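Pasting a structure here, questions to come.
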């Protein structure tokens, strides 16, 4: 089998230094927003006058305070605002998209994918279930049932020991929401944290975690452009909890093939180590 | 959210009819082989004179008898032998590749991917951990440690209730093998069935199942071109067990977005159903 | 560490012989019913005139036909009808209890526990979530939320590849039911198959599988003494599917401590084998 | 269904107050040791002159410093040192036992069980796989293969994102150890973190997490009375990581049956709440 050496990612030296020094630097959070509905549809602009990404970012800051340094970027920035330099300086990326999944360039998706596998956290919100990056990480269609008729959503806690469920009532009550229902075509999640119900009687695995490579992924379905869900106190708390959970403090590193020679079998010593690491 | 209707796959009418008639038709198994080492390297040709795919196919027939109808195809066939018609008539696809993963056309990989998500079983053998199709289904790098120095592999059963472990000793002893070691960069498997050890002390999750869409996937790591592993009685039994396990008898169908309207909330009746189904 | 040899269970020779002969004998199913409500409460007797266990048994026979040989027994039989001989001749035990969990003798619970760990399948229905045997297998309180006010239950399929979901609509609609809601205090199930919603907006993991020792366990929550749920066609089908799934055809055997000596390290040969097996 | 109100556990007020005040108090760790081999067998006393529990406790303090307040207790104390008061003041309990599992009183086991389900963390070490408390939480026999012939153990990391694996090499090399091998009769763990191999070629799921009720459980198999494993730097680090991971900062609370009435169906408001909470 041939060796396959990936180019080294930009080192995150600043963060590593801070970790060594025992006064951890804040979590560097980047909220990515598609930012199209807000510009085109007046009723969305009314709910989210500064853009959905800004509201989502504010909810994270509100909950994490000094523990996080939150910034935002959008689809229309060059390279969608997701250059190699930006991603190398991001601990957790939060993703909201809906109408323009197809406009996200494949090479940017590949770059984000590499960073997640290397250890960057990823929070996938609502309609981003159908984003290219989530599909690429899951390997499935990520399709579901849906209806947008002002359903009421109840978000029930299934795993009360999980840090992501801390500080929110059981259930969270969202008075107006789009309905997302099963069957949700995802791999069985590593952890099932929340299950939602809707006025029509549908259910949905609304809070799920996945580990892929060195990266931690949290999918959380509440949130929509047509309803003021990202102003909801409990929804904001869950997203902030997810950000704190998704941090991987170890040096960013893509998993690679490692060739191990040994002339000294059976004792676990004497490995000559990977060819390309 | 817009509706997204996938083109219908070729119906597998013959099989459905057989199922209705209560005398199940045999499992239609297709073994796909890269078939390159066998042609170029004399020592491989000596071990597998008719090609590795033929040996693998023989092992399945040996164990399943009339329960399976096994055929083979290879990389150098037009469309790698994996046309829409062929896949529509395949219940379980067995995949072995190694040196030429990069030569498999992306459109063929996409086609196989759609069929797996629609319900076709997939058995992924050994070095196919790095095939395009496995990577696309897993979403990770699927990298690992390795060494080819005639290690001895022991394959231990972890889940003694699983049908894939039926009829094999614990451990299976393979006298000569390539070493595959952790960390194996895959999603946590749905079921961990076998763990292997190697002479150098390495360990590997050598038997794993995954469900993706409507498809069942079994990864089994024993097997290599340099060693006669596919002549090994127990290895053949496990692969045959995997084939029998991976069958999905329901009509093949890709998961799709389904829009559900209802004017009759709260009672579960009155759905107007999916737009595109 | 001392060796711990369990007494051998009664061999299930009849079944093993049948398996060898390639014409599998029917699955031996035993439905255990508490049979108290039916005797004391007229409205329950009206719904289940021959006892709930009889109705449950009829639903299994209706679906599995010749593939199963179904019998019943109840709490008030000597040893609750669960002697060593009876259990040794049972492939899958179906358990319904509610008002009299405390009357089930601990020694009978221990006996059933040993048989499940040795390979007997177990189907746990509705209020049996709080039975001694389920609690002993789970290790948790198995508590939940509940309300009995004629809720409507919808049972949604989460895993469409699972044999237990075959042949039922998505969702199953149950017009009158007791409400069971999260948080359900169980270990994370090996497979989550169904999630239910109720009129009050509650959700529940209503179909879950667990493997314990060599035994396969299926918990299915629909079913109650106050509503005619076990007459429901789809509920009957799911229970029958669960019975077929839970069979373990290998010889019944309790996991034991095994001491492995070897004078021939590193090659996997030469084990002198377990002291007590 | 009858309501079942458990007696309230002793509140952990001191800790809760500290959490509120934003300067978290140290983790209160209690190391429980059987302390028999050390007293009876000179070669064990030589390795662990102050008792194994003391060595284990020192390894935790060495790694967690001011973050933990570590104390110890042993089997021969009244109530095995595990009174209600002691457990109510313990955030994480570490358990080592071997020769005298049978001497641990059932009522003490029940008390520890209630505290784990209520949120106390539990670290289960090596031969404690066969302790009453671990068996009661798992529901299985927890048996395995074993041999004590000075095997070399290699502990490989399977999940490199998990905090329990932080700061240790891959593999950890333990020069002398008892062999523990599969099949290990446990429920499929929630997270599989480490897999070990041994000189004889055996493998073992040596690092596993489980959530039961509100409690987090970490099983870690390295460690034995006959070898100086608890003096091993990496083993000590893993145990300390496990302690930090197992903390549940929320108020301790046993899951209970909750009866939910509602006169206001369909809107998620108006619950009258649990009868007994």
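For clarity, chains are labelled A, B, C and D in written order, and residue numbers in each chain start from 1.
One rule holds for everything that comes next: a contact is a pair of C-beta atoms (placed from the backbone, for glycine too) under 8 Å apart; a residue touches a chain by one contact, two chains touch by 3 or more.
Quantities reported herein were computed from a predicted structural model and do not represent experimental measurements.
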Selected interface, B-D versus B-C, where C-beta contact pairs are more numerous: B-D
Rounded Å distance, chain B centre to chain C centre (Cα mean): 31
Chain A-chain B separation of Cα centroids, rounded to whole Å: 30
Centre-to-centre distance between chain D and chain B (centres being mean Cα positions), rounded to whole Å: 38
Shared interface positions of chain A, touching two or more other chains: 152, 154, 159-160, 171, 181, 183, 188, 190-191, 199, 201-202, 211, 265-268
Topology of the chain contact graph, where touching chains are joined (line, ring, star, complete, other): complete
For the chain A and chain D complex, residues of the former touching the latter: 119, 152, 154, 159-161, 166, 171, 173, 190-191, 199, 211, 214-216, 248-250, 266-269
Partner chain B, residues of chain D touching it in the complex: 152, 154, 156-160, 170-171, 181-184, 188, 191-192, 195-197, 199, 201-203, 205, 265-266
In the complex with chain C, residue positions of chain D that touch it: 1, 4, 98, 117, 127, 130, 136-141, 143-149, 178-179, 181, 183, 185, 187-188, 190, 199-202, 210-213, 254-262, 265-268, 274
